[in-house]
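Each of the next two complexes has chain A plus one other chain: chain B in the first, chain C in the second.
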Partner chain A sequence: MLLIECPHCGPRNESEFHYGDQAHIARPEHNEGMSDQEWAEYVYLRENPKGLFRERWCHTAGCGRWFNAVRDTVSSRIMATYKTGEEAPIGADQEGGQL
Partner chain B sequence: MAQKYRLPDGGRVNREQPLRFTFDGKTYEGFEGDTLASALIANGVRLVGRSFKYHRPRGIITSGVDEPNALVDLYSGTSKHEADARTTMVELVDGMDAKSINNYPSLSFDVGAVNSIFSKFFVSGFYYKTFMWPTAAWLKVYEPFIRKAAGLGHAPTVPDTDHYEKHYGYCDVLIIGAGPAGLAAARVAARSKARVWLVDDQSEFGGHLLTRGQTIDGMDSDAWIVQVRAELEAAPNVTIKTRAQAISYFDMNYVAIWEKVTNHMANPPASMPRERLYRIRAGQVIIATGSHERPLVFADNDRPGAMLAGAAETYIKRYGVKPGKRAVAMVNNDYAYGSILALLDAGVEVPLVCDLREEPDGALTQAVKDRGVPIKAGHAVVGVKGAKGVNGVKIAKLSEDGKSMAAGEKPIHQACDLLVHSAGWTPAVHAHCMARGKLTWSQDMSCFLPSEGSDANPNASAGNCAGQMDLAAALQGGHAAALQVLDALGMPAEGAPAASKAESDAPSSSRILWIVPGEKELGYGSAKHFIDFQNDSTAFDLKLAVREGMHSIEHVKRYTTTGMATDQGKLANLNAIGIVSEALGVEPQKVGTTTYRLPYTPTTFGVIAGRDIDDLLDPARQTAMHPWHVDNGAVFEDVGQWKRPWYFPKKGESMHKAVLRESAALREHVGILDASTLGKIVVKGPDAGAFLDLVYTNKFSSLKPGKCRYGLMLNEDGMILDDGVTSRISEDEFYMTTTTGNAAPVLDHLEEYLQTEWPHMQVYLTSVTEQWATATIAGPKARDLLTELCPDVDLSAEAFGFMEWREGTVADCPARIFRISFTGDVSFEINVPSDYGLHLWTTLMQVGRKYSITPYGTETMHVLRAEKGFIIVGQETDGSVMPFDLDMNWIVSKKKGDFIGRRSLYRADMSKPDRKQLVGIKTVDPSVVLEEGAQLVRDLKDKPPMDMVGHVTSSYESPACGRSIALGLVKGGLAAVGETLFSPQADGTVIELQTCSPVFFDPEGTRQNG
Partner chain C sequence: MRYSAFSLLRNTLSHHKNWPQMWDNPDPLPEYDVIIIGGGGHGLATAYYLASQHGITNVAVLEKAWIGGGNTGRNTTIVRSNYLWDESAKLYETALKLWENLSQELNYNVMFSQRGVMNLCHNVHDVRETKRRVNANRLNGIDSEFLDAQQVKEFCPAIDLRGGGRYPVMGASLQRRGGTARHDAVAWGYARGAAKRGVHIIQNCPVTGFDIEGGVIKGVQTAKGAIKAKRVGMVVAGHSSVLANMAGFKLPLHCRPLQALVSEPVKPAIDCVVMSNAVHAYISQSDKGELVIGAGTDAYCSYGQRGSMHNTEGTLAAICEMFPQFRRMKMLRAWGGIVDTCPDASPIIGHTPVKGLYINCGWGTGGFKATPGSGFVFADTIANERPHPLAEPFALSRFSTGYLIGEHGAAGVAH
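Presenting the complex of A and B:
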């Protein structure tokens, strides 16, 4: 049971949250010109690194807000959480790397 | 009734308080403070169970949580029943009724023991090898036989009448285990500002000190425990729990603790739960879980009367019972001699000690020698006499390498009724490992010790479980661990006491023989070297598994079932790893351990369920009109968490008849449906229209206030997520409805896009499902009825068109009336604030009487909408259906630009002609109603396999059409409407059918528009 620091509410049990997979993937705005392959990559493919991972969470049973987290997928330790739209405070340049 | 094996004095039991209990129907007596195991020993009961596979007679081996044999079914009162209770952990209660397990027809005469004779065939992998074929025999022959023959205790047959609780807790320091290390740590932590929890599975604190008292800080350890406990009880920041077992350790120091609250009471107050589950989030955890004594693996080591040396000592010292009258000991270390001294002090005759060591040394060894007990160095017990209980042992000198008896050695016989043995102690590293900690093999100590921890779970191990095996080291270790975690928390202990002191044990030697040889080579003769007592796996099985190619310890475990019993290998695993490492010729570090799985010990279902049972398992949502439905005999259907009326049967009416009556009444007069459960979301803000254009396939920004529009919502993969009618309330406000089951997922979906993709949009989403109650009236008389109750809205078809809404007053309540139809008849959905819902409904029923108003449920609603070919998301769609598959191209806007799922609709795969598409289905015989889910074929063959081209999604008898109707998804169905298909049935018959338009009734829509 992870302890997740919601940037709006504070630390709460994982059971209050909903997982949203990889963060910082913008929905392509002009998708008409995209090939089927490119579009499928956006819809279906996500990274699955060993190490730091920037991922989305939603505080479903709390404030209902989406936010981002940097988690070490090896230990499951959450290194940081930050609001949607903000830069990752750590790990942005070492995603998939070890601590 | 006499407790023949009760010592005249000593022990921590209350001799003033005798308790009566029964075991297999026979009545015995014990004392308050006994465990069921110690009480059985006090009465000379040695045979307590049969083993799982061979049904070998078994006795008590341990005195704690690691006990593999002495499990019983516990009964008390009329309905309480606990299966597979561990007698060593069950506190004796007056009136307790225990029954042995794994035996038929009785414990001492067991039919299954014949398995023992055929044991040669029951080697490792036996299940895989023997029961492979024929396949059909598995279900009918093998499995029922195995289930009956094996299978531990009996599952309860009646509901548990006890109640259980759950509790969330938070602390800075959680200390697991209140032995010397845990108490030393708690003492320090109590002096800080940290909130401290100290938990222990026993009824009192002290851990192994309760068995072997020693001197601490110059005082008797009993006095030291009392003093420390008093300190802790006086500290306001410390919470202490006895009878509380830390069973699971989850990420980020989230620990589940199972407290037995009233199990030890004969007549607990009704207000108290039987057990309680604490879920504690701790800043730091100190693991002080001690160690388990390891059995020696010798020939017929499972005979009742063969017991761990430390367990024998515990029974004597803690419970004042002696487990035998004449004991032979076999040990390989000095510490075990302390247990032999306890036997001697209790008046147990000890004719000799076999010590595997060639040169036994150590202070305790010397003390036993001084008492005149012969110590036979380099000797071992090579055989055990007595099947239902030890009555003697065979003793022989071992060869130098310890692999066999010394050359020419003839075993000598020694009579005894107790055989105590010890191979040393294994640190209980379970919690450390559940917390993702790593282990390192210690060659010196022949065990795995905690090494690296996980930074996700800040903790420290102290005492025996950290390899601090003597009392002085454990006290020091607990003290140091507390200082360390308090430092990490930034909560220093003020005026912390100096570490408690005890005398260190002088170093002494040990000799590891993973297998103590018997008279014959392993696998020959009838003697067995058991590793896992409960699962009956032996040293021979392990070696066989390795020979057959299982080189990973995880494979060996599964092939032999070693460590897979309810004691989870607490006794077995280290011996198994040692034997496997020897067989493979590699270091135990290379072999590694199997995963330490939670829970640490079998946990009752009751405490896991807690109060989440019956009505409290899941919330039941009821509409404002629910009381009326109940009063009027509605049969309910669960839709998500909602209770919806399914149909309203008249007295003695079947569902089939009720649905025919309800739908006919609606088509002829007027029907009324409780539609309150539909999801309702207010979409408000300057960008509301633009936002809806992005989430629906069709355009909503162009919708005029006062108008309604049906919309289809897709996932980004182009598949249908939901549908529903959305109405424009004002320039910046829309009122969206969703399907009942999808209300929350749709809101989540919208929020996700709004927050993460389009945060610049000024839109607010509010769920108002619970705020509005909705009564839908439909049928030719609906307008007449509503006219009587609604004075302020012109309801004429000219003034109030189809797919429009009006604000007005209905039955004196403020209302929003929507002219939309899910039935194909003139229909008004009347929304009023929820508090008025019941009033609205009863008024409509009252005034509607003269129009023969008839309430209808979801089943009739389904029939009526199917007659019109309206889909239900989740019935006609299944996550692989997109709008074109439903022939709904008309609702997918080509002009408005992007929307969620749009790009996916134009992937190459979406235009394949053989996609499954929605068609209407008419059986050739109009009286035949297809099964929903029935498979359809184009090319009929005599027998399967046949190519399945589709399936039936909805199927009903339609009163309006006077025949059966169905909807289905058929490959390439749209281009071939009118084709003949077949539905082969399980009984070999075939139903012939033709596809058609999905709109069966009033295709022009004159009724709903009228």
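Presenting the complex of A and C:
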């Protein structure tokens, strides 16, 4: 079981959380003219990286708020958690890189 | 050498010292007609059918570590074909028919045992869903029946229908032609059959990059140097996103750890496969006597090949409620594999955005049962450079056309 630091409540057991997969996916603006392929990219295509990953978690059994984490998907070590709307402590270019 | 009672006798007389090696370990050639990346069951089956069905024998299977060491060697070996939708039913039933003759075809005992697979229902909703699936199966010509609680007890006397009060058994679907097979033997049997026809099985050879020119595949970069090929099939299960990334495209996959465990060996106690999708538990007994138990997936993306303890605890709790006599058994080993699941719980087979690079992935928690069928249609796809008719609905493009094949009910997590 992971120990996850909710940025609002502090460290809690993984079983209090709900996973939300890849973070920082913005719904495309001006989407009237978007092709099916572009919609597929937004809805389905994901990084699913081996290594560092910026992902979402929701503290469902606690404060109920969504936040983001940077986690290594090989060791499952959580490098940082941060509030929604904040910048990730690692950039997209480091994603998938292993520690 | 053909395996037979005679070859067994002859090798017994020489104290089993002269059995020939099943396949060689050749160094890679600079170029092949077809390269298959990934020496799991699906990759090896693809190579085997390329050689046996299409006469394409200048083929290399490039395996990162050792063949069958991925999910092929980690799964709970349940084989069945009772999927809901027509597209899946046809694909999985094609595989099941191939299973029924596989030991003969490969001259290798894959220990396919059609002992019957039951999927339990624990509430009224499960009963409705299951009946619907049984009816859909029958319309597709797949053997499938609905058992009421009493019939479940007759088929598998070890079950406690009360399920400890938490998981009462209200009925089940039963596919009598379903069962289990020996996972390693499947990899080895296909490898031996392919190697005999000239395919190179190259182990300890991870693919580290692709050579692509103008959107067309030219070859791959590996730990053993560059290897050229005009056609490349990528069958790497849990590493599909990683390789797709190297080739410059993304997949709709989510990697999760899925766990299994086995108990100490005991005398025969359960002679069928029992699965419960609702409680993420499934159980059968191996020929060695171990209870083989499958657990659920962890919630998050992982490449760690191990899962967390609270998952196995949950599964074992459910198993103990349904089979109280297993309560005092000790577990011997537990392990995990990385499963590549699609949003619709169906596989992806066919073209990629790179010309000449084909993909077969997304089998997630349930691809072992499909191994022969998957290899069969994928070999045909690569040989003819167009999707096999059974594979066509499973194209990557279904995520933009919206033609998803939702099999969460039939696939769930339990297999």
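The rule we apply is simple: the second predicted complex is superposed on the first by the 96 of 99 C-alpha atoms of A that agree within 3 Å, B and C clash if a C-alpha of one lies under 4 Å from a C-alpha of the other, contacts with A are read in each partner's own complex, and residues count from 1 in each chain.
Please note the rule applied: contacts are C-beta pairs under 8 Å (C-beta built on N, C-alpha and C of every residue); 3 or more make two chains touch, one makes a residue touch a chain.
Everything quoted here is computed from the prediction, not taken from an experiment.
Contacts of A:Asp21 after superposition on the shared chain: chain C is touched, whereas chain B is not.
In the superposition on chain A, A:Thr60 makes contact with chain B only, not with chain C. Applying the stated contact rule after C-alpha superposition, one finds that A:Thr73 touches chain C and leaves chain B untouched. Looking at the shared chain after the overlay, A:Thr84 reaches chain B, while chain C stays out of its contact range.
Applying the stated contact rule after C-alpha superposition, one finds that A:Asn31 touches chain B and leaves chain C untouched.
Of the two partner chains placed by superposition, only chain C is touched by A:Leu45; chain B is not. Residue overlap on chain A between its contacts with chain B in one complex and with chain C in the other: 1-2, 18, 36, 39-40, 43-44, 75-76. Residue ranges on chain A touching chain B, taken from their complex, read 1-3, 13, 18, 20, 26-27, 29, 31-32, 34, 36, 39-40, 43-44, 56, 58, 60, 64-66, 72, 75-77, 84-85. Listed in rising order, the residues of chain A touching chain C in the complex are 1-2, 14-15, 18-19, 21, 35-37, 39-41, 43-50, 53, 55, 71, 73-76, 96.
Chain contact summary for the complex, chain B toward chain A: residues 250-252, 254, 279, 281, 436, 454-456, 716-717, 748, 751-752, 755-757, 759, 898, 902-904, 907-908. On chain C, the positions that touch chain A within their shared complex are 239, 241-242, 245, 250-255, 299-304, 308-310, 343, 399-402.
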